[in-house]
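Some structures are shown below for you to check.
First chain A sits with chain B, and in the next complex the same chain sits with chain C.
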Partner chain A sequence: MRKFKNPMLVLFGLALVFTSCGDQKKGNSGALTSNAAEKVYVAPGEHDEFYAFVSGGFSGQLSVYGLPSGRLFKVIPVFSQDAEKAWGYNEETKPMLNTSFGFVPWDDSHHPDISQTNGELDGRYVFINGNNTPRIAKIDLTVFETTEIIEIPNSAGNHSSSFVTENTEYVVAGTRFSVPVPQRDMPINEYKGNFKGALTFISVDPEDGGMDIKFQLMMPGFDYDLSHPGRGKSHGWFFFTTYNSEEASTLLEVNASQNDKDFIAAVNWKKIEEYVNNGGGTKMPSNYAHNVYNEETHTATSTMEKEVLVVNPTDVPGAVFFLPTPKSPHGCDVDPSGEYIVGNGKLSADLTVHSFTKMLEAIEGKKYDGDAYGIPILKFEDVLAGTVSQPGLGPLHTEFDGQGNAYTTFFISSEVVKWKLGTWEVVDRQPCFYSVGHLMIPGGNSRKPFGKYVLAMNKITKDRYLPTGPEVTQSAQLYDISGEKMELLLDFPTVGEPHYAAGIAADIVKERSKKIFDLKENKHEYGITSDADVRVERNGMEVHIYMSMIRSHFNPDNIEGIKVGDKVYFHVTNMEQDYDVPHGVSIIGANTSELLIMPGQTETFVWEPKQPGVWPFYCTDFCSALHQEMQGYVRVSPASSNIDLSWSLGE
Partner chain B sequence: MKTTINLKMLVGCFCMLFFLSSCKNETKNETMTSQTEKAETGEVKKQGQAFIKDDESTPNVLNIAIGSPDHTTLVAAVQAADLENALVNAGPLMVFAPTNAAFDALPPGTVEDLLKPENKNALANILKHHVTPGNYSKDFLKKFKKLGQANNQNTTVEVKGEDVYVGGAKIVASIPAGNGIVHVVDKVILPPSGE
Partner chain C sequence: MKKSRIIMVLAALLPLLLFVFPLWKITLEAPQYPTPLGMYIYINDFADANPHDIKNINLMNHYVGMKYIPDAIPEFKIFPIGIIITTVIGLIIAWKANHKWFLYWFIMMVMVSTAGLIDFYIWEHDYGHDLDPKAIMKFTNPDGSVMGFQPPFFGSKDILNFTAHSYPQLGAYCLGGGIALGLIAYFFGKKEKQTLKD
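Our next item is the complex of A and B:
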C-alpha cells in the first residue's frame, strides 16, 4: 500500500497500463478474428438486431433465433407434433395437422418467407412449406404461432415453395415431383407426357391473412425445384427452376442429367390472374384440408375443400415461357431490382444470370427456340445477362445485399462466394464448415435487403462441435458482409436441418408481439371467464371438466365420481392476465402430452382412466412460489359404482 | 482525509488490477490470433473437412489417393491446386485417378510447369476434369455416352469389349470410397479445347 502513497503515481501507473493496452489492441486490429466476439456479443438483457426464422427441415418446425448473437428464442411447432407446447396433442390443435390422408403428425419444413408490402418486409407473417405431404403454413408474428395450414392438391414434394409476391398477393407452392393429375392407378413407365407439375398460387387476404388457392397452373411433368417472385420491374412474374426436363421416372441421378440445359419457367401470374378473374380455368374435383386456428376460440377447425381451379398454360398465350438454364438448376433467385434472375445450376461450375429486360424483348420479338408441350422456349443467348465463370463447385443458392453484390453458396467446394452483379466478377470467397446448403441475408427476398450479415446453413458439421455419437448437429454460420471481404463471426448449432431461413429487423416485429390473451374475449366452447363457471358435467361416458387455473391452484382440485371407462376432458383455462405466466397441467397415465396454457387461453386434453384409485394432477410449468402446491386429485371408481359426480376446492 | 486517500489508493489498485488483467487477456488473445493468422497464411490448407481425424469411416477419395504409391504425382497436383477440401465433400464424387506413369507419359516438363504457382488455375481445371459428381461402377458406366465433369466440360465414355475408356483413358482398377469411387486410369484426361 505504501508504494502508492502519491496519487499521482497511481495515475501515472494507470496511464502506462492504458498505453500498453492501446498498443496491444493496435497489434490486434488487422487480424481476421480480432473483434468477431465483440460483433456478436449482445449483452445480457439487450436485444438482437434481427430475428432469423430458420427452417427445421426434417424436424418439421421453425426456429426463431436472434442475430447476431445466434441465441435460440423459440421453436415454433408447425408440421410436427410438439409435446412441449401440446401442438397436435391437445384437442384444439389436432385439426391443424389434418390432411386428405388423415392426421399427419410430421413433415419436412423447408423455405420460410416473410410477408411483404410494396416489396419490403412487413413482418406480419412467416409462410413455410411442408415438403412431404404438401402443405403451406402461416405463422402469425403477433403470437409466433402457426395459425393456418392449407394442403396443396395435385402436388408432391412441395419444394419450390413458399415464396411471397411483393404485396403478399400470393404465396406460391410448386411441386417437385410430377404426378398423375388427377391421381390414378397407372404404370410408372408411362410418366412421360402423362404426369403433370402443378404450380399453385395461394391468395392471401390483405386484411386477415386468410389463405385460399386461387389457381393451379398445370405444367409439363418436370421437377420444379425452387422459385422466387419478380420484384420492381418484374413484379407480376414468378420464376421457377426446373430439372428432369428429360421426364425420367427412374435413376434420376443419371437420367435427369442428360440435357445440357433445363429451364427456368417464367410465369406471368398477373396475366393468369386476369384470365381467371374473367372466368378462365377449369374447376376440378379435389379433396384437400384447410385448417384454421381461431385466436378467440383458441381452437382450430379443419375443412375439406372439394374443388380446385386448374389452368392449362397453353390456354393463356403469353403467360408462360421457358428460359434455358444449364444443368439441373437448384436455386432461382431474383435480385432486389428485379432485373436479374440467377439460376444456380447445381451440376454446373458456372452461374447463369438471365436478364428480365432481355427476356421481355425476346418475348416481344417472338424469338423462340421451339417449344415444350406448347410452351415457348426462349433462346439462351437472347435472355442471358451474364455468366459468373467457375466461381466454385456445386452452386445452390444466391442472396443479395442491396449494394450490387450477390452471395452464392457452393455445396461441393463448401464456400460462400461474393460476386458483383453486372460485371460478374468474383470479389471474395470464404469457406463454410461444412457443405453449405442455402444462405440468408435478412430481407434477401425483397427490394430492400438488410445487407449487414449473411447466414450460411451447413449440412455437415463433423468435428466442429463436441461429438454426440453418429448423429451430430447441423449448423449456421454468420458472416459480417458490411466490408469488401466477408468475415466469419459465429458458428452455432441448429434444430433439425436448416434448408433456408428468413430474417427481418427486430424493430419491425417486436412491438407487435402479443403479451397475453384477453380473458374477456375468450370464446372457447369450454372456456370459462370466472370461477363461478367452474363445473364438471357428465354426458354418458364423457365427462367435461371446466377447470380454471391461477397462481397457485386449480379449481376444482378434488373431483370424485369418475369411473373406469370414462372419457374425461380437462378443459383448462389460465385465468392469469399477466405477461409470461403460463401454467401447465397433466395427470398420471395420460396418453398424451401436457398442456402449456398461456394467460387467457383455454386448452383441452383427454384422459381415459383405466384403474380405480385416486390419481394426482399438477402444474407442469413452474409458475410461482407456490408452484409445488399447485396440484389436485381425481378419484376413479369402478365402472359399476354409483358415486355421484362432485367437485370442490378448499372444502 | 486519510480515508479519502486510502479510498483513492484502493480504487487505484483496483483499476491497476483491472487493467493488468485485461491486458493479460489481450495478450492471450493476441497469441491466439497470431496462430490463426499463421494458419490463414502459411498453412491455409490445414483447415476444412480434409483434415478431420477419422479412423472409423470408409476412406474417402482423397484418403485413397494419398494412400496409393502409384498416385504421388496426382496427390502433389491436388495439393498444389488446393483441391483437398473439394475431394472430401459428401459428394458423391467419382475421381478418375491417373497413375504416376500416366503423368510421366505427358511431354517432358508439362507436370513441372503445371505445378508452378502461376499455373494453379490451369492445373485445377485439368484436375476438375477428372471428377464427376456421381458414383458409378465401371460396369454401370457402360450405360453412359458422356459425363459432365466438375470443370464444366463433358468427357466421353467408350466401351471396347470389357474395357471402359473415359476421355480416352482406360479404367484399370476401381476402389469404392466413403464419398464416391476412385477409378484408376492409365492416361491423363486433357480437357477438350474450345468447347
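Our next item is the complex of A and C:
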C-alpha cells in the first residue's frame, strides 16, 4: 500500500507544478495582450492612421482596411463581378470586364501598388494586376472605384505586376508563363527557345491617369515572377526575378528547380523608352481590351486595341542584363535608397542582395559571364552586395522601414525576420500563423516608408479563429516595428486570399475622398437632372424608363403599358445630393443584381418580364425613415395587348 | 470736412456691406449630420452653408410637412432697394443737412431694421407652422396642439432630433454698426455746434 501511495503523491505534486506554471504563463500573455490591445484600439468615431489596400487574391477584388485596427471599410470590385455593388452586372460596368476572350467575370488579383510622385506615395491611384486573364486595373482613390482596366496581350499569368516607377511614369506587368508569341498551334515540348516572356510597360498619363501600353519587351522564355522599380539612384531601371530558366514545360516543381542560379533581369527602361521614342521597336498586330469608366457619364466603354509595340532586348544594347541569383528567386525588392536589390531565393537557405553600384561597374567593365539568348549575364560575385546567411527557410518577400532595416518573410519556417541592410545581420524574428506570403510596410515600396507597422499576409490559418467548416477564413497579422523587437499586435480576417497589400498614411488620401457626385455634372446618356425629365419611352420591344429616386420615392412609381417580351431598361438616377444617401433598386424576377446608386449617379439594369401581372420594385438600401414606403409597381400585359405606355407618381 | 460728417458718411456706407456679407445664419445640428446643415440669409438670397444644404433641409423638412425654402422671396427685391435708398439719404444728409438730421436718419434706420426683423420673424413663424395637412409625420405638443417647427428667432433651440441655431452674421453687424455710427455722428455734430457757439 505504501509503495502505491507515494507515486500518486508525486504525480499530484507534479500536476500542481504544471498547473501553476500554466497559470503563470497565462497571466503573462494576458498582460502583453492588453498592451497590444491599446496599440490597435481605435476608439469609436476615431479614424485609423493608415489605409491598407489588401488584394483579395482569387476573389479578384481589393479590400480597404484601416490600420492599426484591422477594420474592413470597403471591398472594391475590380476583376470579379460583385452583386452588392452591381459591378459587372449593371449596363454601365459590364464593359469593364470585357477582354479579347469576351466577358471574363473573375480574376486573381495579386499586387496592389500606390501611385508615386518623386518616389513618395501620392495617394491618387492604386494599380492591381489580374493574373489569369492578364489585366492591369487602376482604382481612383477619390472614389475608391475601378476606373480603368487594360488587358495585356502576349502575356499569361500576369504575376510580376503591377509595380509603379517613382513618378508613376509606368506601371509594369510581367508575364509569369512564357507562351508562343504570337499565340499559335505548336507542340508543347518545343517550348525551349520558342516561347517568349513579355514584360509590358504601361505609361500613365500624368494629368488624367490614362493607361496606354508604351512597349513590350520580348524576353527569353523564362517565368518572370516578381519585379520592382529602381528608385533614387537606380530610378530608370526595373528588376524582375526569374525562375524556370531551365525552360521546362512539365513537372516544373522538379524540372524548374535544377539550375543552381536563375536570374534577376535588370531592365534599363529609360534607355528603351528613348529607343522607342526614336522610332525603335516593331508594331505587332494584336487584340486587347482597354476599358475606361467615365465619372461624368457614369458609364464604361470598352475599346479593342489592334496593335502593340514590341521591343527585342538584343536590339537595344546596354538595356537588359541578367544578375545570377540563387535558386528560383521569388520576391524582387529594392530598398528605399535604390542601392540594394534583394533576391528572395525561395529554395535557397540564404538571402542574396545585389548592389546597384556594383552592377553599374560590372556593366561598365563589360565583365560578363556569357549570355542567355544574347542578353549579357553579369558575374554573380561582381554584383553581390552581401548575403544574409541562413535567416530562415523559404524566403519570399522583403520590405523596408526606411531606417536601415529590412523585413523578410519565410514561408516554410513561417516567420518574419528583421535584418540590417549593409551588415546583413539578423536582428529579430517573429513567428507567423501560418506560412506567411507577402508582407507590407505602408510606403514600403517607396523612398519614404512609414516604418511603424508591418502587415504579414498568411497563406494558412488553421486554428487561429472559430472554425467555419473545411474552408476557414484567410488572415493577416499586424506587428509593431517601431522598436528594436517586433511585436505581434493583431490577427484579423480578410476577404479572399490577402495576397499582397499597399498601405498609405490616411491623411494623404482621406481629404480627397469624394462625398457625392454632382447631379449637375451627370452626363449619363439616360440620366436625368430634374423630375421634369422623368419619362418612359418605347422603341420597338425596348422600353427605356428614365426614373429618379429621392427620399423616399421613385418617380415614376406606377408604370403601365409594358408587355411580355419587352426588354425593359431601368435607368435610375439618384437625385440626392447629401453624403451617404445611396438608394438601391431591384424588381421581382430580375435576372441580374440590384443597383446601388450613389447620390448624383445613374445606373441601369435590364428586366425582361416573362408573365403578365403587376410586379413590385423597391429600394434595397435602407435610406430613410420611409424606406419601407419607397416602392412601386409595373403592370405587365400580354404581348398582344394594346395598352399605351403611361407612368405616374402620386396620382 | 467736419468729423461728424465723415462719421455720417461711414454710417451711410457701412450697410452697403450687406451686399457682400450674410445677414443671418440658421444652423441645424443632428447626430446624422457631423457637418451641420446650414443656411445663410443674405439681403437678396438664401445660400447653402455647405453645398446642397438647402436642398437637404427641404428633404428633411418635407417629412413634417414644412414648405420648401423658396428660391426667391419679395423681400430679396425690397430690402436691397431699401438699403440703397437709406444709404443715398444718409449721404445727402452727411453732405448737406444739419446734424439733427443725423438723428432722424438713425431713427429711420432703427425703424426700417425693426420692420425687417419683424418680417423675418413672421416668415419664420409661417415656415414653422403652416404645415401640409398631408404631412408624413404629425407631432403634437403635450397640450394636444399641433407641434410647430419654427427655428429660433435668435439663439438656439431643440426641434425634434435637431438643435437649431439662429444668429446674426457679419452683414447684420455692419448694418448695426452703421446705425450706431449715425447716432455717434449726431452727438459729434451736436458737440461741434456747441464748440462753434462757444
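In this text, the second predicted complex is superposed on the first by the 617 of 651 C-alpha atoms of A that agree within 3 Å, B and C clash if a C-alpha of one lies under 4 Å from a C-alpha of the other, contacts with A are read in each partner's own complex, and residues count from 1 in each chain.
Basically, a residue touches a chain if its C-beta (ideal position, glycine included) is under 8 Å from a C-beta of that chain, and two chains touch if they have at least 3 such contacts.
All of these numbers come straight from a predicted model, not from anything done at the bench.
Of the two partner chains, neither chain B nor chain C is touched by A:477. Contacts of A:550 after superposition: chain C is touched, whereas chain B is not reached. When the two complexes are overlaid on their common chain A, residue A:390 makes contact with chain B while staying clear of chain C. The wider contact with chain A, measured as residues touched, comes from B rather than the other of chain B and chain C. Contacts of A:244 after superposition: neither chain B nor chain C is touched.
After overlaying the two complexes on the shared chain, residue contacts for A:626 are found with chain C alone; chain B is out of touch. By the touch criterion defined above, A:327 reaches chain B but does not reach chain C.
By the touch criterion stated above, A:578 is placed in contact with chain C alone, chain B being left untouched.
Contact with neither chain B nor chain C is seen for A:604 once the two complexes are overlaid on the shared chain. Across the superposed pair, chain B and chain C touch chain A at no common residue.
Residue ranges of chain C in contact with chain A, taken from their complex: 35, 51-52, 55-56, 59, 63, 136-137. Of all residues in chain A, only 516, 550-551, 576-579, 625-626 touch chain C in the complex they form. Residues of chain B touching chain A in their complex: 5, 8-9, 12-13, 15-16, 19-20, 22-23, 26-27, 29-30, 33-34, 36-37, 40, 47-49, 52-54, 85-86, 89-91, 93, 125, 128, 133-134, 136, 143-144, 148, 150-152. The part of chain A that touches chain B in the complex is made up of residues 1, 4-5, 7, 10-11, 13-14, 17-18, 20-21, 24-25, 27-28, 31-34, 253-254, 257, 327, 347-350, 390, 393-394, 411-414, 431, 433-435, 459-460, 462-463.
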